[in-house]
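Structures are listed in the sections that come next.
In the two complexes that follow, chain A is the common piece, with chain B as its partner first and chain C second.
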Partner chain A sequence: MISHLPVLQVIVPLMAAPLCLLLKRPQLVWLFSLFASAIAFIISILLLQHVMTSGVISYELGGWKAPWGIEYRIDKLNAFLLLIITAISTVVLIAAQTSLEKEIPKEKHTLFYILYLLSLTGMLGIVSTGDAFNVFVFLEISSLSAYALIALGNDRRALWASYQYLIMGTIGATFILIGIGLMYQMTGTLNMEDLSQRLPQVAQTRTVFTAFVFVIVGVCLKLALFPLHLWLPNAYAYAPSIVTVFFAATATKVAIYLLIRFTFTVFGLSFSFATLPLQGLFLTLGLAGIFVASSAAIYQKNVKHVFAYSSIAQVGYIMVGISTSTVTGLTATLLHMFNHALMKSAIFLALGAVVYRMGTIQLSSFHGLGRQMPLTMAAITIGGLSLIGMPLTVGFVSKWYLLIALIEQGWWPVAVLILLGSLLAVVYVWRIVEVAYFKEPLAGSVPVKEAPVMFLIPIWTLIIANIYFGIDTRLSVQVAQLAAQSLFGMSP
Partner chain B sequence: MIMDLFNYWVVVVLMMSGFYIVIAHGNLIKKMVGLTIFQTSVFIFYISMAKVEGGTAPILAESISQHSNPLPHVLILTAIVVGIATTALGLALVVRIKESYGSIEEEDIQQLDEQAQVESEQKTANGNQV
Partner chain C sequence: MILSLEVMLQLTITIPLLAILGIITARKSPNIREAITITASIILLYIVVKLYQSLLSGKTVDVFWWEIMPNLSISFSIEPLGMIFALIASFLWLITTLYAIGYMRSHQEENQTRFYSCFALAISAVMGIAFADNLFTLFVFYEVLTLSTYPLVTHAGTEKAKQGGRVYLGILLSTSIAFFLLAIASTWFITGTLDFKQGGIFSTNVDKTIAGALLVLFIFGIGKAAIMPFHRWLPAAMVAPTPVSALLHAVAVVKAGVFTILKICVYIFGIDLLVVLPTTQFLLYLAGASVLLASLVAMRQDNLKARLAYSTISQLGYITMGALLATSAGVIGSSMHIATHAFGKITLFFCAGAILVAAHKSKISEMRGLGHHMPVTMMAFFIASLSIIGVPPTGGTWSKWFLLIGTMEAEQWALMVVLMLSSLLNIAYLLPIPFHAFFSKALPKDKDITAINEAPWPSLLAISITTLGCLILFIYPQPLFDLATAIIASRN
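What follows is the complex of A and B.
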């Protein structure tokens, strides 16, 4: 049983999805999806434990030996990612039933859960597989269900956002496919481990160079690196609340994982950072992303837009971490992926609760909400503080490590810019806090009650995790550090 | 030179024209057409690279000694399925967009969205005054 865990991780949600059709009743389907996601979560904990104690797990699908058959390869990096994805997915699903009541017609609930599970399958598949073509297949499974999930939003702009995402996403995925094809042409293998050994022999050819560029651009489209981020704000803003929470916390993380996997493992550190000026490229685009997206966030009237732009800015921080190409920088990146997933899911879930009560998410509807929905607004405030990087929250920990990495490199100006970027976060979070706590409710607005319990439980679970991992950093920092070290080929 | 790499030239031409159509055209259906051409060029690329000169289908028989590589063909079968799913989903979205916006031109849709934005802002502004 234990030896089959890597594949069960993907199979469980994949098999659960069609079974939802048989259950039919939305309530049952919800419980069943929650159950499937929880099992995936338990599997990911077991996998992480196993990887931490006894090293890399290699699973041969169908018993075919590694370079020929498809291999699932779990090391510290993807075990960490699997844990993030399944944990967030499970916590988010607790609130799904309540949130969907107000946002999606009842007859579509079952379909929603099917798409959700398929999207989860895709993400888990991308992360666990060790086969480059398999990555493309899972990427499309998760993306296609993502387009459909976003289109479920009840605003017609959701359709337009979904269509734009489909065009951009497909171009990105096709670029990755071209890159994989060129790599296969040069090496005759699709297995990532095998590729990393064979690529250096042909590294100095134009074909490999082209393959690298296609893969990098394709992945950067998927992870919404500035200036390839245009699909993201509307897709997040008009999707159903639960979908926003899930994707904001996980979808870009999966793409960042792919970027790290391809640059560090498949092409290798020396090739990646020597053939292309990746360091300068990621640093410039990352910083530009932080400032452009944070400034845009300040002027948004739709609160979901504010935090969607903030997500693009956070991707900027993550890219700056990668651009240092040191162990400390990569540790900061991995930590920020974990921490950003925690804070964004908490914030977007709280926004979902506001939508549930108010029916709208415009900033004007937040007037006086601090007194009407104290627990929800407190959660948004703490999440916001974490986003800024206040001590005692997770946001502080990852920014701290990022600053250390930058100072180690002697990049003082960049460190200063990162701090300035955080000040912009203060501005956009403060706008919301100010309206909610220091303004009277609008005349003629109907007073609302606190969010339902089914919202408060997951929101506060995530907020407590935000504070807990901000104080007790042993688990997150240790795993991130070991994963970063293993990527640099150091044995822990 | 050109004839040797004929397939690859076709791939490049198809890829670029598909990509251009996606970017340049405002009609959503035309964009889908461009996207499909773009994807198809990649299919041809995979199939061309697997061809071994003088090689046949991978059949184990005594008289046959050279085979073309069947793996990329199989990979591309998967990619074709993915491509069809993408096209179907894209067209379904276009149908729904047509139903709710009454148009499938990018410009019209953006204009309608901006109008709706302005109207909703006016509404909230009026609400504040009341």
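What follows is the complex of A and C.
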């Protein structure tokens, strides 16, 4: 059983999805999906434990030996990612049923859960597989279900947002496929480990350069690196709340994982950062992303838009971490993926609770909400403080590591810019806090009650996690550090 | 009651927190709620005094809470400078609570539960700052102090309060994130530790340019010390109720700022290193400019609280200057000034509040002739003014004396002139107020002055105690002086 965990991680949600059709009642479907996701979560914990104690797990799908058959390869990096994805997915699902009641017609609930599980399958597949073509397959599974999920939003603009994402996402996926094809042409293999052995021999060819560029651009489209981020704000804003939470916390992380996997493992550090000017590129785009997106966030009227732009800015921080191409920098990046998942899921879930009560998410609907929904607003405030990077929250931990990484490189101006960037976060977070706590409710608005318990439980679980992992950083820092070291080939 | 010193040290931080629980539970009955606050502050004072006695007997107390990241821990210890700060803050918390009860009730303020809770949280943060064993712990509580006082500043909830709160939070958070955090991270990177150590943590062969730049970052980053040009938050914070202005903006918050600067000068840089840094001279002149300019601005203020605020900025400049002088007398003068200015300024604020409550006046020009109706208040105002100016028979004499000696020791003649000039300016903007109150006739438009009586007795009691404090510090400064000399004792 233990030896089959890598594949079970993907198979469980994959098989659970069609089974949902057999359970007619939406409530049962919800419980069943929650159950499936929880199983996936437990598996990911077991996998992480296993990887931390006894190293990389290689699983041969169908018993075919590695370079020929499909290999599932779990190392510290993807075990960490699997943990993030399944944990968030499970916590978010707790609130799903309550949230869907208000946002999606009853007859579509089953469909929603099926798509959700498929999307989860896709992400888990991308992360666990060690085969480049398999990555593409799972990428399509997760993307196609994502387009459909976003289109389920009850605002008509959701269709347009979904269509935008469909076009951009398809371009991205196609680019990745072309890149993989070119790599296959040069090396005759699709296995990532094998590719990393063979690519250096043909590294100085134009085909490999082209393959690299296609893959990187494709992946950067998926992870919404500035200026390829245009699809993200609307997709997040008009999707059903639960979908927003899930994607904001996990989807971009998966794409970032791919970027790290391709640059560090497949193409190799020296090719990615020494031969090609990736360092400067990522640094510039990352910084530009931080400032452009944070400034844009300040001017948004739709609060989901505010935090969607903030997500793009956070991708910027993550890219700056990668661009240092040092162990500390990569540790900061991995930490921030973990931490950002925690803060954004908490915030977006709280926004979901606001939508549940108010029916809208415009800034004007936040007037006086500090009194009417104290627990929800407190959660948004704490989540916001974490986003700003207050000490004792997770946001501080990743910011600290990023700062140290930049100082280590002697990049003082960048360190200053990073800190200035987080001041912009103060502005866009505080705009919301002020409106909620200092404005009287709009005249003629109906007073609302605190969010239902099924919202408060997951929201506060995540908020407590935000604080807990800001104080006890042993798990996150240790795993991130070891994963970063292993990517630099420093430890087994 | 037999408690170990370690437990008592932790209690200083937790007692105010426990008080919050009590305050919130008893929110329905104001009498019990305020009794809880008073009890908590008495217990806190008792414990701090016990700790003081143990410090005198030469015992060391160390408490280690948690290591958040490698070499970054939350831990506490007791040293003389922190003891001065803790003693003042805990004593004045008791007095201010007494005062606040009279003030808040006769002013019929709303949200008093929130007021007392945030107050207690701020005190807890102050204790954390005072007893912090390393710069990281100090930084954590520094930020907690900023955030916990924000609701106090914006207490009124009006547009003006919101505006003031924005400036308050904006400047304090920006400076602490952009400069202070950067300086801390760099220090950690260079030295590998953030512990406060006698003589500093920088090695003697540290690059002087970098250390000098760090000093600038520290001085600017500690916005709470209100060195120009980052002083705007202090006048802005005067929209708060008077007890808040009194305790937080004459004692806790601003003193936390200069306390941090002193700590950094003495225990991070060490005064031997400080003298040879290339930027020290520049910062000394900056502090001098802050002293003079703020005094000049204070003269032009007609609003009493605004005048006091600018006076505070000027007096904080003294303390920063004393720390940067890097001589024994300078450090002694600075640490004593923390105490003497605290007593003087809190008395002045108490008087301002008493006048506001009893006479509903906030403009200085309207206070003519008030002395006959509020003799106790105006007499207290006079004595406290003397202490700020620094003439006998008040405590301010000693601290200013040592600061002057400090400028001579360092041969900073220009700064000596600045101190003298500023004392003259103090006379010019403080003494006319009690003078006109006693010896001038009320303006014709203020005819209704005859109906004015003294403020409620709890407020008067508080005023009398702090005024007495100003006098006692003159007659019996020995304990304070001993503590102040102990800060640099082990050096000689």
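One rule holds for everything that comes next: the second predicted complex is superposed on the first by the 491 of 492 C-alpha atoms of A that agree within 3 Å, B and C clash if a C-alpha of one lies under 4 Å from a C-alpha of the other, contacts with A are read in each partner's own complex, and residues count from 1 in each chain.
As a working rule, contacts are C-beta pairs under 8 Å (C-beta built on N, C-alpha and C of every residue); 3 or more make two chains touch, one makes a residue touch a chain.
Nothing here was measured: the structure is a model prediction, and the numbers come from that model.
After overlaying the two complexes on the shared chain, residue contacts for A:I260 are found with neither chain B nor chain C. Of the two partner chains placed by the overlay, neither chain B nor chain C lies in contact with A:C20.
In the superposition on chain A, A:E140 makes contact with chain B only, while chain C stays out of contact range. When both complexes are overlaid on chain A, the residue A:A237 reaches neither chain B nor chain C. Of the two partner chains placed around the shared chain by superposition, chain B is the only one that A:A443 touches, whereas chain C remains out of contact.
The contact surfaces that chain B and chain C form on chain A in the two complexes do not overlap at any residue.
The part of chain A that touches chain C in the complex is made up of residues 385, 388-392, 397, 399-401, 403-404, 407-408, 415-416, 419-420, 422-423, 426, 430, 434, 438, 470-473, 477. The touching residues of chain B, counted against chain A in their complex, run 19, 22, 28, 31, 35, 38-39, 42, 45-46, 49, 72, 75, 78-79, 82, 85-86, 89-90, 93-94, 96-97, 100-101, 109, 113, 116, 120-121, 124, 127-128, 130. Residues 66, 68-70, 72, 136, 139-140, 143-144, 147, 154, 157, 162, 166, 169-170, 173-174, 177-178, 181-182, 185-186, 188-189 of chain C are the ones that touch chain A when the two sit in their complex. Contacts from chain A toward chain B in the complex involve residues 133, 136-137, 140, 144, 147-148, 151, 156-157, 159-160, 162-163, 166-167, 170-171, 174, 177-178, 181, 184-185, 301, 362, 364, 442-444.
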